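Below are two complexes that have chain A in common, paired first with chain B and then with chain C.
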Partner chain A sequence: MASATPTPAAATVAPQFGAGGVRLFRAWTTLLMLSFNRLFWSMNTLMVLFPLVGCALFLVWRRYDRWTFAEGSFRAFSEEFMIFLFTSFVVPVCALAYATTSVGGDREDRTLLFLLVRPVPRWLILLAKLLATLPLVLGLVLTSFWVYCRLAGPIGEKAFWIYLTPVFYMTLAYVSLFHLFAVTFRHSTIVALIYSLFMEFLLGNMPGLVKRIAVNFYGRSMMYDLGGAEGLRSPDPEWFVPVSAWGAGCSLLGISAGAIVLTLLIFSLREYRDLT
Partner chain B sequence: MGIDNVRYHGWEGELRTPWVACAAIIRVAMLQVFRRKSYWVVIGLGLLNFLLFWSIIYAVTQFDIPRDDQDKLLGAFGFSSEASGGQENGYIMFMQRQSIIVMILLAFSGSLLVGADFRFNSLPFYLSRRIDRRHYIVGKLLAVGTLVSLLTTVPALLLFLEYGMFTSSLDYWRDNWQTPVAVIAYGLVMSTVLSVLLVTLSAYLQKMAPIAITWSSLFVMLSTMSGQLSRRAADRNWHLLDPWRDIRYVGKLCFYAGKRLAGEVSQGANAYYGIFANDDEFRRSLWALLILVSVCTVAIVALVRRVRAVEIVN
Partner chain C sequence: MLLVFDRVTKFYGPVIGVNNISCRIGPGITGLFGANGAGKSTMMKLASGQLRPSQGEVRVGEDRAWSSAAKRNLGFSPDINSFYEEMTGREFVYVMARLCGHTRRDARRLTEIALEEVDMVDRGDRRIGGCSHGMRQRIKLAQALVNDPPVLLLDEPMTGIDPGGRRDIGRLLVRMAERGKTILVSSHILNEVESLTDSILMIAAGRIVASGTLSEVRNLLDDQPFTVEITTDRAREMAARLIGIPEVLSVELRGESLIVRTLSPGSFFGRCADLVLSEQFVVHRLQTLDTGADAVFGYLQQGSA
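Entry: the complex of A and B
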């Protein structure tokens, strides 16, 4: 009889472990939802509508031979809108709006300290932040991309399925990279802005292999490769030697994975001294 | 403890005008900016362009380069090897090429210099002193304007000095005396427009990320769009959508006014002295001036309404 009853220690440890796991999960989901709501109901959402609406107005005026599908129009849409406006500006700005502020916002508002003192592992905090950001950025980018393609007519419908993969991979890469900036630098928004508007432009116009460290290069390579069948031609090989779509896709996924691993490492090990 | 015992007492000296407080606002703003390493990185990036122009002028004036190559090299950077006509385009080009870095620096500065005053409720402390919102606004505008000038006007003036110093006589400076005046006028236009827009945006948006998004959309996206629309419609008036281009057009007006001041504007074929390509461009510059004046007026009205010592919460 006595041996069948559990020891007091065993009786307390088992429920505690289970309850702890549940509590941790609840804490994590709360953080996830809180971060999502905080990012979504922010001034950034309102301000990011400015470039998005601007692009829609641009497309409405530009039209791209809306009611007929022509190779020239597809090429113009791809080069003018997709490469020089959407993937070079709109995608980085949407990623910047949320990815740098998911952790960076807490740092800026000095609330990261209160997050870090809670009994939640740092990697889980980061995971919650990342998972709160990704649907927002992907949702915003892919929805706006779909709307823009609808606005462009038959060319856009074709372009949507051709360029969906590069746009998805680029968004993923920018979000991961900007999270890395957010945990590494105090003013991550500005670092991200310098990277996306200055460094990528500077590197993108350099000859040789230097440009291969830019996210934009792989996105453009994928688009030139995938759009080649529809008449999109890559620029002068003296300035731009694209890699294959498969290689560029792998590189973008590699950049995303590498950036996430580095972010996890830095966030787990770093002692933030600027929290109070 | 009685107030007399802690030596609180009224100011017994002569009171100076509250406008002197603007100098203190600028000084504090500069200290805030320059004590941050990140700003030095941005300023360092901004100096890359200056070093490029400096090296070009040095190479052209000091090395024995064939005349044709010299002309081509100078022409690519907007300068001319002759001491007359055309050199000023180089200074306009230089100040224009600083646009991205100035844009980034200002996106950074807006939240620090203005947004933080609203976010952390320090505005009532400013306005509790013997200054009112006029002095606060002018102080902040001058602080942002100083930052813009440090990256645009000052380096452009240094380039003018350099160009003259590397020649064997004072002819360059003497023949182009109106160029530094025009550079300063263009710098003033740029500083005024950018500071008015930035201070207004920062007063409303306050945080760095929304300021950066709006600011970059204004200056990068509109620039790309206006270029494409202009090519598509074969109508250069679309360039008026781009605020940088508007500032550049008004800058050209400053250089043109400088030439007129020097009495060097001839009538007929060379009426615009190489600064404006044609009459259309001259007219476009006047439109750009009108646009900038209108936008700045609206921004100033919005800013004055925003700057209040007491925030009324509904």
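Entry: the complex of A and C
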């Protein structure tokens, strides 16, 4: 009954969350599994298979002196495939396919509302989404990376262990960054696509310090540094001065951590007025 | 448990959604209605913790509505038609129960109870994507009920439901209210709310323009004429006598019926009864025409404009 004066409290007793932490954990793991399953069984999985298969076909076609350790083949594989194709295109595409959908999909479908009215703190909702996305993207990227390296023969096997860390860090950074896009922009997939295919490319190839705001720059710096012993050389120092592998790794982890903290903060505070 | 709006104002940029609203909604069914853009949805979003007030406070029991603690006590059926379409109704409700922290066994049990409440037990295994609008409404209700919350917020719950279904849902809400639940039902169809409850919150231009029972609200509007229809076999003669009563503003003759307008219904009915007895008029029907929610809301909207 609506009234201007106090009404006696209801006889109904609120459900007791005596073991509040346990209940919260159950709710959170449910959300984690729900998010993982919905992402895995989505059309996105089918969509990312196209570039992944495309890369495999490219490797088969290009060969890279597959069964010999010819001079220059490691460098060619690193520059053409690892830097130009895999880390500049495949990794960001895989990351954006899932990272923007994990929150952005729920937001666009307006099913996010059903999550926001459950007794789970918002930051934990976002954390569940993030942790559901990460193993999926990392699994996909690292598995495909391993397959590509096998396809490339002995140089690929060598490259796998050299480039595993930069690929891992870059994937982590892209997933974190695209989650930030997802909680910030309504059509985050489009924004992320424009960012990864154009902004990253443009920024990453700008002269001077501007390129240092691109994830791709740090990934490439790591690869140039780590691959240097095998003959990989960084481009003309006039326009590309890489940072050390250690510095680049720290930067990528810093970008990831910063993006995650910012994402949690925005998601915890933001009103999503477009849900109803 | 109380749902409290304490001097709540919500701005959307320069636009004001609700303006200094204060009310306490206790156990029972309370109808919230207003025209589109009046502020109903903003109130619902504030109460369900989707929005934070720009000023003031919204509380569910002791907790601020925005907090996750408040949501333990809250069931919300939104006015959207979006679901996880690939799930069945049963799966959807089950997942919502699990998201409230229930064990698998409890969630299954609560899901069946909620589906039974909305009469969806037999149809619960249909994919939501293939469900009719009415079934989807029922599933939305079930997910709101599944945690057995003391406060229920139902945004346009009758939309798209056939008359039989409306009756069933009406009964369900009455049952819930009898169990002591606080239920806020918004609607822009006045008859829906009127048929569910006497307790009404009327909102117009972001303000609560009236609260209480419909008759209480109507009585507050003593500057508005009160319209009575009287059907009698000597209508013309009775009209001539009624026009002589000081409280009567006008009398309109419509066949065997008279439409009488008065500003003082209490004394009018007394004098009218005296007249009927003294002149031996046979009155077949006497009914007030504008105590219905539509008429009251119309007056209030005029007042707030």
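Just so it is clear, the second predicted complex is superposed on the first by the 257 of 276 C-alpha atoms of A that agree within 3 Å, B and C clash if a C-alpha of one lies under 4 Å from a C-alpha of the other, contacts with A are read in each partner's own complex, and residues count from 1 in each chain.
Note that in this section contacts are C-beta pairs under 8 Å (C-beta built on N, C-alpha and C of every residue); 3 or more make two chains touch, one makes a residue touch a chain.
None of the values given here were measured: they were computed from a predicted structure.
> Answer with first, second, both or neither: which of chain B and chain C does A:P121 touch in the superposed model?
A:P121 contacts chain C only, not chain B.
> Could you look at A:L31 and tell me whether it touches chain B, chain C, both or neither (first, second, both, neither)?
second
> Considering only the touch criterion stated at the top, classify A:R273 as touching first (chain B), second (chain C), both, or neither.
In the superposed model, A:R273 contacts chain C only, not chain B.
> Tell me the contact category for A:V93 with respect to chain B and chain C: first, second, both or neither.
In the superposition, A:V93 contacts chain B only.
> Could you tell me if A:L197 is touching chain B, chain C, both of them or neither one (first, second, both, neither)?
In the superposed model, A:L197 contacts chain B only, not chain C.
> Please identify the positions on chain A that touch both chain B and chain C, taking each partner from its own complex.
none
> State the interface residues of chain C toward chain A in the complex, per the touch definition above.
The touching residues are 1-2, 12, 22-28, 30, 41, 44-45, 48-52, 61, 68-69, 71-74, 76, 78-80, 82-84, 86, 95-96, 98-103, 143, 147-150, 155, 179-182, 199-201, 211-212.
> Please output the residues of chain A touching chain C within their complex, sorted ascending.
Of all residues in chain A, those touching chain C are 1-15, 17, 22-24, 26-27, 30-31, 34, 38, 41, 109-111, 113-122, 271-273, 275-276.
> Show me the residue ranges of chain A that touch chain B in the complex, using the header's touch definition.
Touch list, chain A to chain B: 42-44, 46-48, 50-51, 54-55, 58, 61-62, 80, 84-85, 88-90, 93, 96-97, 100-101, 104-105, 108, 185-187, 189-191, 193-194, 197-198, 201.
> Taking the touch rule as given, give the residues of chain B at its contact with chain A in the complex, in rising order.
36, 38, 41-42, 45, 100-101, 103-104, 107-108, 205-210, 212-214, 216-217, 220-222, 224-225, 228-229, 232
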